[in-house]
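The following pair of complexes shares a single chain, chain A, combined with chain B in the former and chain C in the latter.
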Partner chain A sequence: MQARYSFFSLARNALGYHENWPEAWRSPEPKASYDVVVVGGGGHGLATAYYLAKEHGITNVAVIERGWLGGGNTGRNTTIVRSNYLWDESAALYEHALKLWEGLSQDLNYNVMFSQRGVMNLAHNQHDLRELQRRIHSNRLNGVDSEFLDARGVKEFCPIIDLRQGGRYPVLGASLQRRGGTARHDAVAWGYARGADARGVDIIQNCPVTGFRISNGRIQGVETGRGYIEAKKVAVVTAGHSSVMAGLAGFRLPVHSLPLQALVSEPVKPVIDCVVMSNAVHAYVSQSDKGELVIGAGVDKYVGYGQRGSLPVTEETLAAICELFPIFRRMRMLRQWGGIVDTCPDASPIISKTPVQGLYFNCGWGTGGFKATPGSGWVFAHTVANDNPHPLAAPFALDRFTSGYLIDEHGAAAVAH
Partner chain B sequence: MRCDLAVIGAGPAGLAAATRAAEAGLAVELFDEQPAPGGQIYRAIETVPAPRRALLGPDYAAGAALAAAFRASGAGYRPGALVWNVDSQLNVDFSQDGRSRQCRARAVVVATGAIERPTPLPGWTLPGVTTAGALQILLKAQGLVPAEGVVLAGSGPLLLLLAEQLTRAGAAPRAIVETVPRGRLSAAARHLPAALRAPGYLAKGLAMLRALKRAGVPFHRGAEALAIEGADHAEALSFTAGGRRQRIESRLIALHQGVVPNQQMTRLLRCEHRWSDGQRCFLPVVDDWFESSVEKVFVAGDGAGIGGAKSAALRGRLAALGALRRLGAGEDKRLAGEAAALRGALDKDGAVRPLLEALYAPSAQILAPADDTLICRCEEVTAGALRKAVALGCPGPNQAKSFLRCGMGPCQGRLCGLAVSEVIAAERGEPQQTIDYYRIRPPLKPLPLAELAAFDVGDDAGDEAGDDQDAA
Partner chain C sequence: MLLIDCPHCGPRAELEFSYGHEAHIERPKAPEALSDAEWADYLFLRDNTKGVILERWVHSHGCRRWFNVARDTVTYEILAVYPMGAEPPALERKTYV
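Moving on, here comes the complex of A and B:
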């Protein structure tokens, strides 16, 4: 049994120079058979396993990860958390996630450094302004906190923004979600991993899934780099590689995998204490605890799996950032990287049963999956445990692409898909 | 902006490659971070005053011919240009005069050479501690020598060469503390017959040792457990040799443990690398023409494995021939004939290497640093913290980034990469090849946001106009 992290355990370990902390999760050999195999050890997959164990009492579960925990999009995103989506279905899902975020560190007994510093979305023209106000009204009707700031309000909330209105991207106003903010991405993966492990879930890293065994339209198990593993149910949460996984299971998903990139600057003293996003220029910026500016850019215009992204996108984003924040102009960029985001035609996720019985997919989160991590795991665990969609997940089933009941969130997704 | 062949680095390999390719009629652009050709080995070769040139010796002076041939070759030259990214399409992104631009190349020669192997030992990050290479840069570029007696510590030919050059310049080191263990010489002796094939090297080495002895520079052999003492500044070097602890006071200590290929560019390009037990580092995999696993990317010079300045120039020419062959710019038969001659010379010149590698293999102390020694100096991560992360389940260098943030500072992992891979390999009991190395991200060196924002990718139609503006 794991030791609980507490003030006393901290004090006790301090006396031992922090040399004697137990390992946070085991590295077991895979068993021959599980009730549920979760494919993908990112935040969503680990959260799914955690809630399967905690909320549904299903503990004979394995999380199988090709690389290491949180090495995919979980460790590559810009860690923004918010719930100000336009449509009822999305607002309900993301707001459920945000409420879980608010108690997550306590629930997991692991500090995920959730910081509700406020997320501001800028409007640069009259159209942006109207669109933003429409979204604010919609958010409020759905019980999501959202408020409008005029230009002066923007300046008060984020004093380093340049409001001289002379440039290419004048700031006319913004929406603000005060409950939004950031969290430490690695800690989210680790916290869920530790919580799931404590409840008996096996976490198996460096183990690629290479195929599915299916007979009579029902899943039997998964072929992996460490042999065949039998499974009553298989839950696939592999983000950018979802369409590859679906291909292995013999069906197609309406997702495009695109490189999305981000970059960090050298660390500096605190200079920006909120998150600023601009949908129009595909730029978002916040400051990490270490002091680096974390800057997110748009997606590349072509399909790719390169986990790098192309420079013209960075250039365009930085041109806007430098104009909005002249104070950043002389800061140095330290590192740029990319992640593969799986995007759906309506910029909404897929949380769904599939044509194969006992095989479930959770994917298509596009550029905004991190913020949904707890909610995504919660509703997906329910869907897998009951073989029936959670009410919040039901609108996000695969059949919406045949029924036409799409949930168009291109506006709220902040980055064009 | 476009070119046939982009050469990155103006050391012997880059100069030779650019010269040979330009002579064959290719449009060549040579990018170099330094203001003048020569690289580290022939730094300031075009401007060095005669007395300093004499002091640095004939091996250094030999670089003048390479630089002159390059100047006469008609190859394009961009000094002071930092190449901060090369993508898989062979677009070379570089920063020059505060402006970033892109050059589209048909082939690339990476001639970014070697870096000194980082030497993590107690106190190595204190002010007053530097590397032998850094002191040699000051000597070559500005004719500066330490005012106070410097202590040189470590192993490798450069350590002795620098000692001799400083002695000749009237600034003899206070002491040389060599970490080559006793008995290493006899173990390395089996490579001696092969080494005799490479003319001159052994004689020069022995002459260097004699000169140092004549000058009376104290020489401590077989030193172990090196530590630099001092609170805010280096005050002394202490070590164990001959069974007793010794201490030499100095406020300037230069460390050296040989040189290793600078992998940043080839890793960025995702070239395949293999661990070399002999050189104790990763080497990019190259073929007979020094072409890497990435098509049309050639790696010449010490970047493809340490071979020294003469080998670097030969490899540079060979890589240029490979590029000519790849781009269909030469008759295959003639290229093959020229290449065969170069390979013969390369084989002969490289014959001394196994001896040097065996004799000057890095000391055990820096390969397995003590727990409290800093291993990543940018993020201040100790070897002990890394070992603990491995015990907690961290399986490799890229995961160590999220555990500890090592390798994520301004040096982009250049200084801690090898040591981090070694420590993880040792802790997990797996080969270095399996553990592998950091993934390297652009920019290779930090770049101002405003410069990136104004990054000029250029387009085909605007190319000429852009170049005209350059000229104006």
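Moving on, here comes the complex of A and C:
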């Protein structure tokens, strides 16, 4: 039985030297059969399981993860959350997610440390300015908070930025989403895992899915490292490995798997209290509660499944950061790593039924899906439960690549996160 | 960082090159005869193999010429470099799950 986290349980456990906390979720042996098997224990997969149980009453569910929970992109990302996307379809999807973020810690009874510290997107030239303003107007029409800052406003919002205009990347203005910010990535995975487990979902780690059993065009179950598991429905949420999974099921996806990297610096005292991102120079930065600068870069340009990033990309990003923030020039970087992101031709996700009945895919979130975690799980759970796309997910189905109804979010999503 | 052996200029650092994704894709000979699904295939579906992939590169900051590469996308080992239009070399097309 799980303990409810509260001030009182904290105080009570402090008296017991924190030795009596119960486990946050079970590690059961897989059952022979489930109503739904979710493949991939990242944030999106766990959120899907959570909402399947909570919103749709489907609790005979397993989440099967090849490694550890959140060990994919969920635990490797720079945690920027915002919803200022250009097109109506994306604005609706990401804004739905942002609204869920705003109540998530309460809903999960788990502190995901969601911090609405404001996200600023910089413009370095006239074209950037026009694009940003177009996006701001479109955001406002969609009820997404978004405002324009001129150079002075940028300096007021983030005083350490270099605005002497002598640099390589002059800052002419920025868009600001005040409701945007960051969250603690691991906590998101753990909070959803704990919430799903409490509702009966089995969470199975260290168990790769290695194949699908399909007969008469219908999914029967999954082959795993721990044997065959029967399933009425299978929901695949494997990010960078989605093409591999689709291949096992006999179809192809319009997805490229590319390494995306990030770095953290040595910890310092609070120096930047917002998120600053620049699409043009492939750099974005915020500061974690531990004091580290969290810096994100661009993707490697070639297909790769090695979870590391190429060094020229690191160099380019750090050069841009030093140019914008001369104050950081002498900082040391502590760690650098990569995650395999699943990018789509239109920089929008795929949330879809597939050519196989009872098999659903949620992927293509590419460089920017962390922000969508709650919304993605919400609409995907609905899609799986009803065998029919959630209205917010319908435009993101696979058939858009045949119909030509692409949702081109390169401006809002491609480099920036 | 990859060290790519340009057939014309010799081994150079990855940042001198641009990537062209899957090799050996032919432009449809009768575009007007294609169905929407065939167009989608031609435009959007590319090999994204976890394993050995056949791909195109161009030496954009060098001789500016295109060529094909066989590369393992997990080890990043470059297994072969061969000219545009040539048949892929005989090598094991290893894949991983």
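Everything below uses one rule, namely that the second predicted complex is superposed on the first by the 414 of 417 C-alpha atoms of A that agree within 3 Å, B and C clash if a C-alpha of one lies under 4 Å from a C-alpha of the other, contacts with A are read in each partner's own complex, and residues count from 1 in each chain.
Criterion: a contact is a pair of C-beta atoms (placed from the backbone, for glycine too) under 8 Å apart; a residue touches a chain by one contact, two chains touch by 3 or more.
Remember, it's a predicted structure, so these values are computed and weren't measured experimentally.
In the overlay built on the shared chain, the residue A:334 is in contact with chain B alone; chain C does not reach it. In the superposed model, A:302 makes contact with chain C only, not with chain B. By the touch criterion defined above, A:357 reaches neither chain B nor chain C. In the superposition on chain A, A:9 contacts neither chain B nor chain C.
Contacts of A:252 after superposition on the shared chain: chain C is touched, whereas chain B is not.
Between chain B and chain C, the partner in contact with more residues of chain A is B. Once chain A of one complex is fitted onto chain A of the other, the partner contacts of A:311 extend to both chain B and chain C.
Touching of chain A by both chain B and chain C, each in its own complex, is seen for residues 306, 310-312. Interface residues of chain B facing chain A in the complex, by the touch rule stated above, are 85, 87-88, 93, 388, 391-393, 395-396, 398-399, 402-403, 405, 408-410, 412, 441-443, 446-450, 452-455, 457. On chain C, the positions that touch chain A within their shared complex are 1-2, 13-15, 18-19, 21, 36-37, 39-40, 43-46, 48-50, 53, 55, 71, 73-76, 96-97. Contacts from chain A toward chain B in the complex involve residues 19, 21, 23-25, 27, 68, 70-71, 75, 186, 205-206, 265-266, 290, 306, 310-312, 314-315, 318-319, 321-322, 328-337. If you check the complex, the residues on chain A that touch chain C are 208, 210, 241, 243-244, 248, 252-257, 301-306, 310-312, 345, 401-404.
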